[in-house]
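Structure below; questions to follow.
Going by the order they are written in, the chains are A, B, C and D; count residues from 1 in each one.
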Amino acid sequence: MRVGRASSHIDGDVIEFTPSADQYAYTFGGAAPVLEVPPGSVLRLWSEDAFNGKLQSTEDKPSEMLNMAEVNPQTGPFFITGAEPGDTLAVHVVDLEPARDWGASSAIPLFGGLTSTPLSPTLQDPLPEATWIYQVDAERRMVRFDAVFGDFQVDLPLAPMLGTIGVAPPSREVRTSLVPGSYGGNMDSPEIRPGATCYFAVNTPGALFSIGDGHYRQGEGEACGTAVEGAMNSTVIVDLLKTGAAPAWPRIETDDALMVIGSARPLEDAWRIAQFEMVNWISELYGLAPMDAYQLVSQISLAPLANVVDTNYSSVVKVEKHLLPAVRTYGGMHDHLRDRAAQIRATGPRGFRPGPLDLTD
Amino acid sequence: MRVGRASSHIDGDVIEFTPSADQYAYTFGGAAPVLEVPPGSVLRLWSEDAFNGKLQSTEDKPSEMLNMAEVNPQTGPFFITGAEPGDTLAVHVVDLEPARDWGASSAIPLFGGLTSTPLSPTLQDPLPEATWIYQVDAERRMVRFDAVFGDFQVDLPLAPMLGTIGVAPPSREVRTSLVPGSYGGNMDSPEIRPGATCYFAVNTPGALFSIGDGHYRQGEGEACGTAVEGAMNSTVIVDLLKTGAAPAWPRIETDDALMVIGSARPLEDAWRIAQFEMVNWISELYGLAPMDAYQLVSQISLAPLANVVDTNYSSVVKVEKHLLPAVRTYGGMHDHLRDRAAQIRATGPRGFRPGPLDLTD
Amino acid sequence: MRVGRASSHIDGDVIEFTPSADQYAYTFGGAAPVLEVPPGSVLRLWSEDAFNGKLQSTEDKPSEMLNMAEVNPQTGPFFITGAEPGDTLAVHVVDLEPARDWGASSAIPLFGGLTSTPLSPTLQDPLPEATWIYQVDAERRMVRFDAVFGDFQVDLPLAPMLGTIGVAPPSREVRTSLVPGSYGGNMDSPEIRPGATCYFAVNTPGALFSIGDGHYRQGEGEACGTAVEGAMNSTVIVDLLKTGAAPAWPRIETDDALMVIGSARPLEDAWRIAQFEMVNWISELYGLAPMDAYQLVSQISLAPLANVVDTNYSSVVKVEKHLLPAVRTYGGMHDHLRDRAAQIRATGPRGFRPGPLDLTD
Amino acid sequence: MRVGRASSHIDGDVIEFTPSADQYAYTFGGAAPVLEVPPGSVLRLWSEDAFNGKLQSTEDKPSEMLNMAEVNPQTGPFFITGAEPGDTLAVHVVDLEPARDWGASSAIPLFGGLTSTPLSPTLQDPLPEATWIYQVDAERRMVRFDAVFGDFQVDLPLAPMLGTIGVAPPSREVRTSLVPGSYGGNMDSPEIRPGATCYFAVNTPGALFSIGDGHYRQGEGEACGTAVEGAMNSTVIVDLLKTGAAPAWPRIETDDALMVIGSARPLEDAWRIAQFEMVNWISELYGLAPMDAYQLVSQISLAPLANVVDTNYSSVVKVEKHLLPAVRTYGGMHDHLRDRAAQIRATGPRGFRPGPLDLTD
């Protein structure tokens, strides 16, 4: 593991950064920036797994190894040169590659979707705790589920995504990296994968952008509270929009879809936020009256849940682009970043290794 | 429209039934059966739209035309010969074809997902009411959205589904056809489309199965409260499982996936029910310990919302079959019904018209 | 116990009714009336406890003794002569007296406020089940809590109330006597005690009024799911208002306060319903603009929870009369019924025993 | 108004502190302490109203006058000498006296309990905004409600309470003074009034205690989102418990009752937290098994809501002391502080004015 080594260097367009353990941030907001980077930068970032790399075997007990005030260590925050409140930060996910040949998942006592929790307590005993280790087959791009309480195995496709991504919250708030909100954070949506451009409102000078909580694979809802958690090599491009209204909640654009993620409790309010924002977005993009947009979006939106386990729940509302006339969003930002990402993959700047990684450390 | 004419006849395997307006049921439970049919029957059913066919133009105001105690008219209930509490009713959706060349959707005052409602009241004024008429292009299999407050049009793919399907509730209850629950009902899930086998616990002698609320198309969440509502010709096969445990909540099987639908408020509890049942189902099918099943399902389940607007909200949890080893469910019932459905489509019994319908009435 | 003997007779003003076990109703709506009574009748009713009298010792296990589809047996329903949809039924609680010298409470597996439930499931083991027996000291008007898992005792004041009271639901629905709603039902509010006049909208001809689920004492929230449950002798006066708007949700009036009870999930919606109705009520009574009523009620309303354990949760909003100018509600109905109640207590018609009951059976 | 003048001085036991406008804190956590005070200190604190004193007439529009990121200005935080994480901070409210002869309340667009909000959005128009001014009659100890949309007046008893009181949150978080949580904050409970001792877990060195958001009167639920907001002179005693377990959520003790306040969404979880903590507290105090405590507390607890409008909702669970045997809590801290408070009132140290204040400024 690279834990303990901090490094950053700039090579061509690519800024590489690997935090040392004492550089991890455990909050959105409130942490000093680790680097300042200009808009347009390509960042290649190493992030530790959600467990700080502490769960390495099925013998490792979460209750003994984890400090719940220090999970989801963030790589960052990065101060984006020139970012001011009211601006929009665009982050394009170029590539996510497992940085280890194993991932871990766990049942943490009183954490998850099918257990009582400190925020919804019951008098029942906690579920048994356990750790599952998933071996990564980089060649076949699979992770192997290996039962702990029995002897069942099954290979599942590798599907890397980022659990946390976001900026500093508004109104002076500091939230732990376990919480999602209007600033992003621990949204745990499988939609945050290569090819996605995420848009965040900038709330503080420099935006203070960070990522972490890499998942080699996750189901929608993240039912047991943890995904196949793993250290990740992430390549992202950050850019800045100085004009136009910043989105109230995180928006995602891919070649195929527009999305909004709402985070709140109860879950219907997370959905409601995302649906409301999507109605407004479609209304603006196509010049529709709000009631017409409400009607249209009602018949075309998809609603894949993100997480139902964090301090706030996260719900995605998604509209597939092929259903609507082509339209230009955010001045063509996604197309621009997607093209740059393709170029990066094609030209392969030093430090960027396309395709399956050498997962030996 | 066929409203007012009741008819039923049996032709080969196919039992046709078109209710007269006075035969509509507006409840699950509490209504006398319209027909008794043996397990294994193929039913070809006409159902009126959710609005009782009363919204036919953009001039039609929901507040004047609708009686909210009489929406979602049900075709049925059907008494399934031999069905007893504890049995499992299997219903395979063979085919859903629009029975009109137009559908309707509406904004009903104080009903829907982005408005206050009588169960979540505010002092704000209701949203403006409106009716949208969607023309059906049976040839191209499209429906046309036509803005009411502006002049935008777009064609959307026809994607027929059933909003309501279910049996009489347990514990003597009678619920309106606006409510979803453990007995099915108004679940409003786009997953209930041709190719789906639905499993319901039988709560009363004869099961008292009914369908209605045909949707020519619907987004997940059914945000505005109504889909592209339309009269529907539905072909379904009903069958009965006398052995094995009846599912606590509705299950769906397709060639590609296993699903459970939970219905409750708040929305996280609808999801929780579905996730809990899926964990149990996978645990049973693969002989996994509950904690292993919890872990595995957490990494593979999808969670497409059904509705966030009805008296209870409905959440689907879905596992794609290709991710897991092949397994036999419910004695192979889905495979059996799917094969019968293919045969019906191939041999085309009199009364069954495959392909696009003649939508002129 | 009187179980098994049915009786009713009219003596002076007082109609006595004790159901036989086969006369118990387990629903609101859907049950045939046991008697027709004219408006203005004084009813003296015996009701079995929520457990059908089956939990009589700390050795009795709820999981073995209870059928959860047959709890909260109702005495009634009574067909109120002349009651039509749109009318308002007024029920004044004259007196509630324990009909036994013991009550019972229990921890029912997967039922209650600090446990997972079938509507909010987790994978955790259920809590241990248990039954507590409370001895009634009629002279001192106390019930004795006697610990089951230890040896602690404490006497608590007798505070009789009715857990269930209501009429048939609207829209053809039938709900079990475990559910509260706009029609009343299992609201489990300590406010439904002697001196309270309850107002219900009449939804069906005859109203179909019933009571049951007597509590010798209950905390707000009814946290463990059951109160000190006991058979009850209830004296109530039923009356009918043919004019004026029927209340959308149950209202309660006492000499000291006006109240509304809302029932829904999540709990904020139960509160929201009650608060909304109270704003409207105060607005009407004092001719205030809605925004002024919203402001005023915000500064004076109390919000004692009723239950957070039933299929719907119930929340009371309460305004103390002394804070506002005197005002006439429902044509002076409460004052009229309260005066009749005083007279009944004073003149003591045969069959009515004021003061502590002879609790020997 | 005293806005703009900062002052603090120590006179005998009493430390007086009046912040200047630039000393207001708008967060729990994240703000530098204004003073260090030793345990046992009597603090006499002036706090500005929730609106920063900006709403002074019915003509003042909240949308024009308020910055929602700067409401509920806090007086503090105070660094309590020697307070360490794991300790318990005890704060006894000796006296709360209006510091002005008027209070203000308002309907803020998209804020409150009977309106959609940014966290539960709908497409409806906001409610009309308005400001109500309440005149204080210090002699009669009344505040006067004066309708804005009509001409109704009524005098309501003065009932001063603190809307916000608390310490820095755990896990490095910083929350705005609009949010309640395990650290206290904007709980908006009428129970926080003279005579109450509040117990908070200390999460950071010095605890960083602050108060604000004085209410001259508030209904339970704080339905419209704002109470009768007013600048307040608060006298409190702060003390520290170095031994024993710190409470997971705020506890309150008065001469008459024990209370816990839970804050969460949905509202049932706020109640669940408070009920769970009360069960544990009673279990500890009386040596009861958890199931016995669950049963006993179910029959005796009261549940007066605090707020259903803030970012988290707050629910109080309350047990009246007279129902249970006398017991010593927190080493007799409440009795000790209550006695000191009586002495302070009796001896009247300079700077402390018992009885009705001279409200002229």
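The working rule: a contact is a pair of C-beta atoms (placed from the backbone, for glycine too) under 8 Å apart; a residue touches a chain by one contact, two chains touch by 3 or more.
Protein identities per chain, from UniProt: A, B, C, D = Acetamidase/formamidase family protein.
Because the structure is a prediction, the values reported are computed rather than measured.
The chain pair with the larger count of C-beta pairs in contact, out of A-C and B-C, is B-C. Chain C has its Cα centroid 37 Å from the Cα centroid of chain B. The centroid of the Cα atoms in chain A and the matching centroid in chain C are 50 Å apart.
Across the assembly, chain B contributes 114, 121-123, 127, 265-266, 272, 276, 279, 291, 294 as residues in contact with two or more other chains. A complete topology is adopted by the chain contact network, contact being made between every pair of chains. Against chain A, the residues of chain C that register as touching in their complex are 114-116, 121-127, 266. Of all the residues in chain A, the ones that touch chain D in their complex are 26-27, 29-30, 68-69, 118-123, 170-176, 248, 264-266, 269, 272-273, 276, 279, 290-291, 294. The residues of chain B lying in touch with chain A in their complex are 105, 107, 113-114, 127-128, 130, 132, 145, 147-150, 152, 154, 156-157, 217-228, 265-268, 271-272, 275-276, 279, 286-289, 291-292, 294-305, 308, 313, 315, 317, 323-325.
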